[in-house]
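In what comes next, chain A is part of two complexes: it sits with chain B in the first one and with chain C in the second one.
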Partner chain A sequence: MEVHISDDEKLFLISGVEQDIRNDGRTCADFRTIVLERGVLSGTNGSCRVQLGQTTDVLAGIKLELESFDPAAEKEAKQPMSFHVDFSANASSQFAGKGGDQYGEEISAAFQVAFSRSLDILPNLSKTLLAEGYRWKINVDLSVLQWAGSVPDACSLAIIGALSDLEIPEVEVAPDDGGKVSIVLKRPRTGGNMRDEEVPVAMWKLDVQSCPMLLTVSKIGSANLVDCSPEEECCIRSQLLIGVAKNLNDDDYDITCIKQHGGGLLEMESIQDMTELASKTAGGLYQAIEKRLKTEEKRKPGHSFLL
Partner chain B sequence: MLHNVRKEAIMSYEITGPPLVSPWMMLSMSEARNDIDETKIVIPGHSVCDAPQQFMRGHGTFIRDGEIVSSLSGVVKQLNRLLMVKTIKQRYAGEVGDVVVARVVEVQAKRWKCDVSSRLHANLPLGSVLLPGGDFRRKDVEDEEKMSGFLKNGELICAEVQQVQHDGTLMLHTRNNKYGKLQQGILIKVPPHLIKKSKKHFHTLPYGMAVIIGCNGNVWVTPALPETTLEEDGSHVNEFQTVPQDIRLVMVRVAACIRILRDYSISIFLNSLTTCYEMSQPYDIKELSDQETSSRLAYLIAARLLQELQQQQQK
Partner chain C sequence: MNSIQNIQQLREFLTVYNTLSERCFNACARDYTTSTLTKDEGSCVSQCIDKQMLVNRRFMLVFAEQAPKALFKQGEQSPTEAIKSASATKSEPVSPPESTQTAIVEEKQFVWETISIENTNFQAMSIISEHGFRMDGRRPAQIRNINTRLGLNRNAEGSCYLEHGNTKVLCAVYGPYEGKASKRLEDRCAIVCQYSTTTFSGLERKNRPRGDRKSTEISRLLEKAFESVILTESFPRSQIDIFCEVIQGDGSNLAACVNATSLALADAGIPMKGIASAATCGIVETKPIVDLTSREETDLLPRVTLATICGRDEVILVELQNRLHIDHLSVVMDAAKATCADVYECLAVVAQQHLKACAPILGN
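Up next, the complex of A and B:
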């Protein structure tokens, strides 16, 4: 669906956001209702689906991979996550063919930057480094199923949801011949009459309460908005993708990246205003996510969101 | 007025699970189902009648092995010996005299192509619009050159269906002061089958604003009804006025009400709209998009409308 909107409608919308009244009754800093559910894909190690206002729909799935690397070649420890965003042609006709590839790459690159310091930010992410030369690689794949504006925001919520759903197997590392190591899954015996292979593997989970998120803040007229609808995206003067991460030490928010999307010029002052809005929004979203992750009931195994 | 006092802006972030009751389940409350016999609902491939010799096949049916079978999903209608299937949900078909809200998608020689969410784009011929200098003025080459100055791509118009051609193309006209270009406002798209046809589709509501309920499912919420005023050179008088905050809040609330009616498949006409507006008063506009509030509200509105309808029938 391509959005056409006349000049008069644009004027109405712009003068509206300047009065802090958006066409759907929200204020500039409000998000649409978010629907988040985890464990939606059985073929993944962690998955999550996020809907924004019943329209924008993003599905995230995580696959783990045991990766061997050359420790001598890496001066600094690399963070183990990699992101890939794919736009379904069903989401909007503008993504048909290769239409969504460029935007998808842009968003994945922004996520890569926002998460570049995640080894320092996430408290137990360094546990993915198993031994010298071996680590868990976390492949995060995102699919945009429906598009109605503010995809990066939905993606980052889906990433946090999927990471919190992710179960990483515990392993035992034993030295092997020739300086190598052998990695074996840890199966804690709890008694009972089971063969070794039948004992479930011990799993651990990531602590996501400080996981970075990427928020879009858009300038329309003289106002700054979060979570734009497609009509509002037509009126955007310039847009920033701002990566925000919670700082667990002083309860403040760190900006991990700022990227501009699309055209438009911005004054230094307005960039400051926009980052402030982003960290305020992030504060609210962190709280809401924490609450949701605590209260969510586990879905029955085998039931997918398609049902 | 109550709306002048805005509550202190609190940023709201709400993350919930998927809804337990889908809006589709509420479809059973829609008035479309009231006069329908459940046994007469068919899907493609269903047999329409068991005595094919006595009936003729009509629209939406075909004959398979000597039996009349439906090719659509909808309701069986009978007209004497003619059997036809009428769909409940479909694209806008158009009837002469309908008021539509359309968006200009192309300026061609001597006509505008408009999107009316029908199967085909509708035509608005240059000869069917009001131009300065009286009705009977000849439209010349000069007017053709000025067409895109008059109505541009992407602009919204309000028009009447003048003619439906055999292939389903609609011919529109705006030869009346109440039709023409629409200016500031909010457009809400709803499925066309929810629009209830009535004598009037232009309504000035007592809350200080107006709505145009287009028969093609485009509902236009606007500060005031359009009145085409033309200047000497034929261009529209385009004075931009910022809509005051209290009127804007009413408009946004009405828009939210229309979305509720749409999401819960309640037919849209003046009465349902005002009922929804009055009943939404205790809530904040923001809350109206909330799943729990809106489903409760929609249920109450549907019940109230049904009650009013039954009272009318008893009289």
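Up next, the complex of A and C:
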């Protein structure tokens, strides 16, 4: 969706945000209303849909894959998640064909960097490494269904939602011929007279309390904003994508990456201010997500999420 | 089917058992004075069995690896031929020890027989049960539940979210607007379609959401179909964009896209000859089944996707996958036409309800 606003409207908007008042009544550090639904797609191992202000709409789906790799080729353990962001043409006709590919790849790459240390950050992620040479690969795919600014923010919320929804099967690893291993799903005996293949597989979940998120902080005039609307994105001087992760040890927030999106120059002090705003906002978001994940009801199978 | 399998299994087991006991008797039983086994005979037997079982297990592993490949690339061959030809390639990597060869050859043949019996009955058995129900509990001529929501995309002129059971499609219509000069037509509007599937929509993860041969083909099919439904002459020199995104694919994706698109076009208020509806039909042993799921969309089952206007005889799209016998054509087409009429009824109700809900806003 392309937004065209006049110079006077821009001036109004900029002088507004410099006094901490945005056009929709928010302050600079406020997010729009967030809607987060988990378990929306039965065909995935974990899924989540996030709406920001009822206009930006992102759908995340996770597919697990048993991956074999060469342990000798990797100096240090690689994190098992891979991200792919796709802009659906539904969101805007400018994304038709290859229109959204460049921005999509840029965001995917930023997530890859923000999550590069996730083996150290997420407490039980290392459990995905099953045996020497075998691991669960977590394919996190995001589809942007509607677009109205702040896609990276919506994506990172959807990723956290989907990761918390993700169920990973427990497996038993037994040594096999020729130094290989055989990997079998673990089915706990319940004592009933079910056949072996009818016993449900044991599952475990990731601990996402400290999952990294990517926030956009934008400089408009002299003010720093989070969660920009499309009108505000027209007035941006410079934008940073800041990766924030909660530090479980000292309850503080670590910056995992910083990436500039678009043009513009920034002074050192501004970057300092913007990262501070990012970690402050992240605190609120982590709290809100934690609350939501605890209180959200389990959906019935066959629930249709867009109705 | 179950009893046939049981008999097969029993026969297979007995052969293995008899071969084993005979060989053991010939090789190890030296002392005919007692009715029980002596210590030497006992150890001899257990060694033999271990050996036999190990070879057997290894053989089954290789077979399990090779059999699906043989089943799925049949092409011109009959099922039994395919398995025999597969066996020629299969027996190469395994070279069992000389002594156990005879037993193994027999074993192998038995497994082939089981497979070939399963294979000839494969289509009918797995798709329609003996009581006449399909895998998800539907009757052959029953469609899945259709759920819809119109106008959920605020940026688009018209949009629709549609579910056929577990197949979930999102469609947005942009336009008519002054499009690209290269696509402009002097006498009517150009229709541009894009079909894409999310990477997590299918059973296996896909690497690309669009641009592969299949997606491009479906995009062109949708384009051609809706060029004959939309009154394109009303908007000369302009363009209408139709974007379909399959969020979750569980069979009949093209039909779901046609249905979603016609509702989205209705939501956008674009004049059409009527509401188009579509259905995918297959045929199992002369019996048509409608609205296929992804488990029913196999390589062996012929399937026809048909789209008509207002459930009448005006066909706007026919697509055939796999080979269909000419005698079955009229049966499938009749079933598809009837299903299109059924689906049309559902879509018409949705459109009317939406219009009624909009009436207060429109001021009437």
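By definition in this document, the second predicted complex is superposed on the first by the 307 of 307 C-alpha atoms of A that agree within 3 Å, B and C clash if a C-alpha of one lies under 4 Å from a C-alpha of the other, contacts with A are read in each partner's own complex, and residues count from 1 in each chain.
What we mean here is this: a contact is a pair of C-beta atoms (placed from the backbone, for glycine too) under 8 Å apart; a residue touches a chain by one contact, two chains touch by 3 or more.
None of the values given here were measured: they were computed from a predicted structure.
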item: Touched partner set for A:285, first chain B, second chain C, both or neither; value: first
item: Chain A: partner with more touched residues, chain B or chain C; value: B
item: Which superposed partner A:141 touches (first chain B, second chain C, both, neither); value: second
item: First (chain B), second (chain C), both or neither touched by A:150; value: neither
item: Touching partner for A:55 - first (chain B), second (chain C), both, neither; value: second
item: Touched partner set for A:6, first chain B, second chain C, both or neither; value: first
item: Partner chain in contact with A:42 - chain B first, chain C second, else both or neither; value: second
item: Complex contact set, residues of chain C against chain A; value: 147-149, 152-156, 159, 161, 163, 166, 168, 170-172, 174, 192, 194, 196, 198-203, 205, 209, 211, 241, 243, 245, 247-250
item: Sites on chain B touched by chain A in the complex; value: 9, 11-19, 103, 105, 115, 152-156, 182-187, 240, 242-243, 245, 248-249, 252-253, 255-256, 259, 284-286, 288-291
item: Partner chain C, residues of chain A touching it in the complex; value: 1, 41-44, 47, 54-55, 59, 61-63, 65, 84, 86, 88-93, 96-98, 139, 141, 143, 145-148, 304, 306-307
item: Chain A - residues contacting chain B, complex; value: 4-9, 11-12, 15-16, 19-27, 29-37, 51, 53, 157, 280-281, 284-285, 287-289, 291-292, 296-297, 305
